[in-house]
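Just dropping this structure here.
Labels run A, B, C and D following the written order; every chain starts at residue 1.
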Amino acid sequence: MEPPQSKEKNEFFYFALRNNKLVIGLIVVFFFLVFAIIGPFLTEHDLNERAGPRNQPPSAEYWFGTTTFGQDVFTQFVYGLRAAFIVGLVGGGLATIVGMMVGFFAGYHGGMVDELLNMLTNTVITIPKLAVLLVIAAYLTVRGVIHESIVIGLWSWPWAARAVRSQTFSLKSRNFIDMARMTGMSSMKIIWTEIAPNMMSYLFMTFVLQFGGAVLAAATLDFIGLGPTEGISLGLMMQHSFNWSAIQLGIWWWFVPPGAALALLVGAMYLMNVGLDEVFNPKLRER
Amino acid sequence: MKRYFSRKVFIYILTFFLAVTIDWLVPRFMPGNPVQNMLSRASIQSDAAEVMRGYYTKAFGLDVPLWQQYLNFWQAIFHGDLGVSVYMFPEKVTNVIFRAVPYDLALLVPSVLLSWIAGNKFGAFAARSRWLDNTILPITYLLRATPYMWLAILMAWSLGIVWGIFPISGAYSFSMQPSFSFAFLVSFLRHWFLPFASLFIVQFGGWAIGMRNMIIYELEEDYSHYLESLGAPRSLVRKYAFRNAMLPQITGLALRLGQVVAGALATEIVFSYPGIGYLLLQAINNQDYFLIQGCFLFIVIGVLLANFIIDVVYVIVDPRTRQGMEGT
Amino acid sequence: MWSKNRLIGGTLLVVLTLLLTAGLALAQGGNYERSETLYTTGNAWSPPTDWNPITNWNYATGTTGLCYETPFLYDPLEDEMKPWLAKKGEWVTSDTYLMDLRKGIKWQDGEEFTAQDVKFTFELGKRFDGVYYSTLWKWLDEIVAIGEYSLEFRFSDPLYQQWENYLYSIAIVPKHRWKDKSQEDVLSGANKNPIGTGAYRYETHSQDRMVWVKNEDWWATDLLGREVAPKYVVDIVNRSNNVSLGMLLQGQIDWSNNFLPGVPSLVENYSNVHTYYEEKPYMLSANTAFLFLNLTKKPMDDTDFRKATGFAVDSGKIVSNVYGHIVKASNPTGLLPNWSKYVSEETVDEKGFSYDPAKAKEILDKAGYKDVNDDGFREGPDGSTIELTIIVPNGWTDWMQSIRIVRDGLNAVGINATVKFPDFGNYQDKIHAGTFDMAINNFGSSVSNSPFTFYEWLFQSPIKDRMSNGNFGRYENQEVFDLVTELNKTPTSDTEAMKETITDIQDIFLTDLPAVPLWYNGMWFQGNTSHWKNWPSGAEDTPDHMPSTWSGYWQMGGLLTLTELEPAK
Amino acid sequence: MALKTDDLRVYYQTLKGDVKALDGASFTLEDGEIMGLAGESGCGKSTLAKSLILLKPPMKYVEGRVRLDGEELPIWDDEKMNSFRYKNVSIIPQYAMNAMNPTRKIGKMVKELLKSRGISPGEKRDELEHRLDLVDLTRDVLSMYPIELSGGMKQRMVMVISSLLDPSLLMADEITSALDVSTQKAVSEMLVEFRDKDFIKSLIFITHDISILYQIADSITVMYAGKLVERAPTEEITGRPLHPYTKLLISSLPKIGAKYTEEKLEGIPGKPPELLEPPEGCRFKNRCPKKEEECDEEPPFREVSPGHKVACWKVKKDVS
């Protein structure tokens, strides 16, 4: 026998608020989110403007120091954080949605549909993300963070799809789906009204993971020079600092903040994911 | 069983065909002209440039219609001929790739395997220990979330520049030629260490977390509870859980090894390590169709092979998969 | 499967590695004695794959210069041709060029170097279209060897300026080794194990380096008393400029031709870092960066608008803010300092421009560019909106910063301009196809023996669909095209006639201003004095050569620099 | 007297507070007795079984004593309890379908299990094969993976494993719910045979399907919301159920083999009470057709006739 489980919402919050992992993760993410939202209002500098002398270490005036071009690192940092959230939300969101659709249909219909979608999934996994970005890069004179996010999203869904598919498989065999089917519901409706709600928690966790994955993927792409050609991102900051010899010249304030923010933000996301897992899955809860 | 495998093989071939076709298409979608790009580096008179462009376009086989280029491409693949690199003209693509691959193997195979072993051990160890779960594990989450290049940069800066313990660029000292001497080996290892370590650490975090999550699920599985009910000691329960949690980790390992040929781009850039990752980036930047295709082809083959091996290995190690093959 | 043994084995491996790595850190010491080895970098961006002087965009650093040599050298600092393999060369008639070769030059395989080698090399261009100097044969009739050491080049229509350029850029290859090469071998062969006449032989190469070893029998030692100092020249393939910087500071690289950020502070803080000048501009100039304006588009087709652009752009700010004074602002004519004698001060005084936003506004006002819809930006005289985009390749950070300053200058005088950074391939496509608005480029403005090469690039003609070798803005003016041809046909000895023609060209250039010269890009050079000294510099009693390892620059001072170096200890 | 529990209370710890899943169970089980334990799901019957063998978080021991064969069972102490598990107390879990490690051959798993309990697998080999014969399993199953067995086979295999060490008390937790009717019957009869052959001394057979108990159980105990409500020999309780809940349970049960008692019970208005803060008094009162004021006080579980215990105020009145 399990402890009685009422499906009340406040129960979720009740457990959520008592899960250290989730709470710490949320606090960190929230901290960065606030930082990203209000940060740009705390600086009077422009992104690329020469704000002061070159290569200044952090000081009261330049909180995070300045770059080789005399740009204010703090300013770039806060805008970069914004970009990270955009990539996470758009890229991670897109990957989750596409993965969900493909996974649902594959898992629900099985048979030929499943085989075909599986092949598609495999092909997409096989083709390096770089290749696609390459073409996109070549076609778009200007790549913004959004373009990058969309590409990442459209190329990261296979993992989500695989997971959702197997979940759907197992849910499908349960009674309530059979009953729904017997009542003559359309498969679309069954997916939306019966399967999806049962998977909401799972999907949300998938999204959290995809968010972190998208942010990291974007950082790598930015670093190797396939990132946005406009604006700034944390990955671009690292690329610039690297290209402009910040390592050799010891301009650590240029490359430490963006990487640290990425690691903390994404790490917090992963922590949240485990926390959510424990909240949604009572078996893992009491330890 | 036979039917199962022949169907699998068919699907793999189909996937391969699709992937290769896309691989062929992708560089051709790019605006610009690789020959033009190559010759833009030449200091030549403009009328001479026209003539040369004609010559090299033909030399690269870019003068025939697209469909024929496509057919030629397939034909060449089966002859193991991936064409000539534009960026490293006139080197053959296969040579270029084969020369870079050993560095990737030297860097990635140990880092993947060792981090996998250590990560799994640590993850299994940390699972279900409240103390570890709350202290060390958050650090592994952070590791897992650390961008490869950032850790690489941090290590290069601290260990390479500030303390000057390790060199931070190249695969061996510039004053040496590769040889089987001790001095060369030392030089190679010193150059190898930082990229290896940065890869190891991040991957360690990933594997450890994977293992921890997996084993926690396994420990809550019915068979674990049954064993506990029958008074089986913790060691046996954990052994079983560990073994079963290992299965997805094996999948992960195989997939990761399948990608080894893709190199570790960001890390290779930071440490100027001459692997495929860096090569690919150069190929992309120089619109080197043939090198891009070649690299991708290797990667595609690697990934497909890994997937196929997983399929086969799973049939052996996980009896559950056999069910689906014979029944229904 | 996951036995303990494996784990222990793995751990052992790691520990062993650590021990080896840390414990034997001191055991470093290579095959090349440090005191005899010169480490260079800054030219190669791809692994050495080819030692074929015909593929001059691709060969390994030093193929031409160190291994293969040219009949002449050119010294840009003195603007002087220096006989090299050739003892002398002169125009005996207006269309016959006589070249005398030095006696006693040997190929590295011991064979004698003769007039047949020179004839053979030049005739490769006749045999194969794909050779980069094949067009030479449109105006060269024949080459006649006179004895072992003299040749007569008989021209139908001599292009003197271009010819002189070839004299120090075409590397002579040995006939006895090349005569059986097929077209494919010549045009795309790797030419492994190159045998030249030069100071260095091929030693080895790998992905990230090219190693040359000294040719002890080099002819110049006997004939000219010149000897190259380093036994080994190891050229390191660029990974990124920052790697070069790190290695330079640590004394692992002696000679860097990379663009390194923050050079002034390096010179100040590192006593062993050497630049050509001790203070700004630190660097010699190598080429001119232009802001190309696309004349096929509005409003760039309007001369007034272009001129206003010239006045609106603050190139001094680019020099100080972006480059930290390691470059110089360009002369309004764009002519490099080594051609300063051709600059007509009068013309510049009369028609030149400088940063003067007020003047820019005045010109725009007068030409009818007014802000009619009150959006803060001017509209065209016909009321059309102006929205311009300035492009440079993504990742070229110094240029990216520069066009931001250009944009700011334009915005300040009321022209709506934005910056964009397409990838290199895309950028190149845009300037070749003429679909850009404004773009920075300097690809063909490099230092050379004659302003002709500069103008031929700037006024490339005829205008085609794709302009891949200059004149990206598609400036069409037959008069100036004719003047460039005329310049080419002016004997190099006739400086007065050259000046005249160049003055005319300058006049047209400054009148129409089809492109705006911004700054002189530096001949980036940083030396490290820890292992080698006596680097070229602008100071007294030091060698005066252009210290460059770039392709085509060995003949312009790089090789001579090697003969001047001395071990530091 | 094989088993005697005394006021056993085991709660589930949740962050909201304790869920009183087993709130004071006292009963005795005679040697050789097969006791059926029935009730709706969530009534605490599985908690009772689990607490007798593996009481681990989130379950929490509150109070009560358990004696098995005159010896105290230290159910609150996981360590000490271990020596009793399997050898003295054993269980066929609810999840018998998944009880075996899917990636181990069954024979190997059994071997490893025995070894880990300090028993030489060789010694038990014959016995194991003998029992396989008894439950109609070929010896080949030992070299098979669980996935290769049908549901019924797995069930029987687990029966063999769980009873291999001849435990004094075996608990079968909802073992029939996943099986079809004929297999249910066969499996149940095998358990009876086990008892008859003295493999096990006594059996607690937990099910929500009372009909199956008619055939095998010596006595039936009914639970409701964490409490024992009625306990009597099988004929007695089926013939003369006293507690209103038992009556409903039995009357709502039309025929042998009806699967989902729960669905039928939906006929009883209302739901079982929340066990986090259960109502004072009789826990059935809100659904009880005979509810009166006195029901606000907790009814004692007392013997109303020999061997027949019931916890209901109304019964007290009726009988005495």
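The rule is short, and it goes like this: a residue touches a chain if its C-beta (ideal position, glycine included) is under 8 Å from a C-beta of that chain, and two chains touch if they have at least 3 such contacts.
Bear in mind that the values here come from a model prediction, so they are computed numbers and not experimental data.
> In terms of touching chains, how many steps apart are subunit B and subunit C, taking the shortest path?
1
> Taking each chain's centre as the mean of its C-alpha atoms, which one lies nearest the mean of all protein C-alpha atoms here?
Nearest to the common C-alpha centre lies chain B.
> Which chain is most remote from subunit C in terms of Cα centres?
Comparing chain centres, D lies farthest from subunit C.
> Distance from the CA centroid of subunit B to that of subunit D, rounded to the nearest Å?
The mean C-alpha positions of subunit B and subunit D differ by 54 Å.
> Express in whole angstrom the distance between the two chain centres, defined as the mean CA positions of subunit C and subunit D.
89
> Express in whole angstrom the distance between the two chain centres, defined as the mean CA positions of subunit A and subunit D.
48
> I'd like to verify one number: the distance from the centre of subunit A to the centre of subunit C, where each centre is the average of its C-alpha atoms, in whole angstrom.
Spacing between the chain centres: roughly 45 Å.
> Using the touch definition from the top, which residues of subunit A touch two or more other chains?
138-139, 225, 242, 247-248, 287
> Residues of subunit C touching 2+ other chains?
Correct list: 240, 246, 425-426.
> Scan subunit B for residues touching two or more other chains and write them down.
In subunit B, the residues touching two or more other chains are 30-32, 160-161, 168, 243, 269, 285.
> Which positions of subunit A touch subunit B when the two form their complex?
20-21, 24, 115, 118-119, 122-123, 125-128, 130-132, 134-135, 138-139, 212, 216, 219-220, 223-226, 235, 238, 241-242, 247-248, 250, 252, 255-256, 258-260, 262-271, 274, 277, 283-284, 287
> Flag every residue of subunit A that touches subunit C in the complex, lowest number first.
48, 50, 54-55, 68-70, 137-142, 225, 229-230, 240, 242-249
> Quick check on the complex: what are the subunit B residues that touch subunit D?
Its residues touching subunit D are 221-223, 225-233, 235-236, 240, 243-244, 247, 317-320, 322-323.
> Flag every residue of subunit C that touches subunit B in the complex, lowest number first.
My answer: residues 2, 6-7, 10-11, 13-14, 17-18, 20-22, 24-25, 27-32, 34, 37, 39, 46-47, 49-50, 55-58, 129-135, 138, 162, 169, 184, 187-190, 204, 206-209, 211, 234, 236, 239-240, 243, 246-247, 252, 424-426, 428-429, 432, 443, 446, 456, 460, 468-470, 551-552.
> Mind listing the subunit B positions that touch subunit C in their complex?
Checking each residue of subunit B against subunit C gives 30-32, 36-49, 51-52, 54-56, 59, 84-85, 87-91, 99-100, 110, 113-114, 117-118, 120-121, 160-161, 165-166, 168-171, 173-179, 182-183, 185-187, 189-190, 193, 196, 242-243, 246, 269, 272, 274, 278, 282, 285-287.
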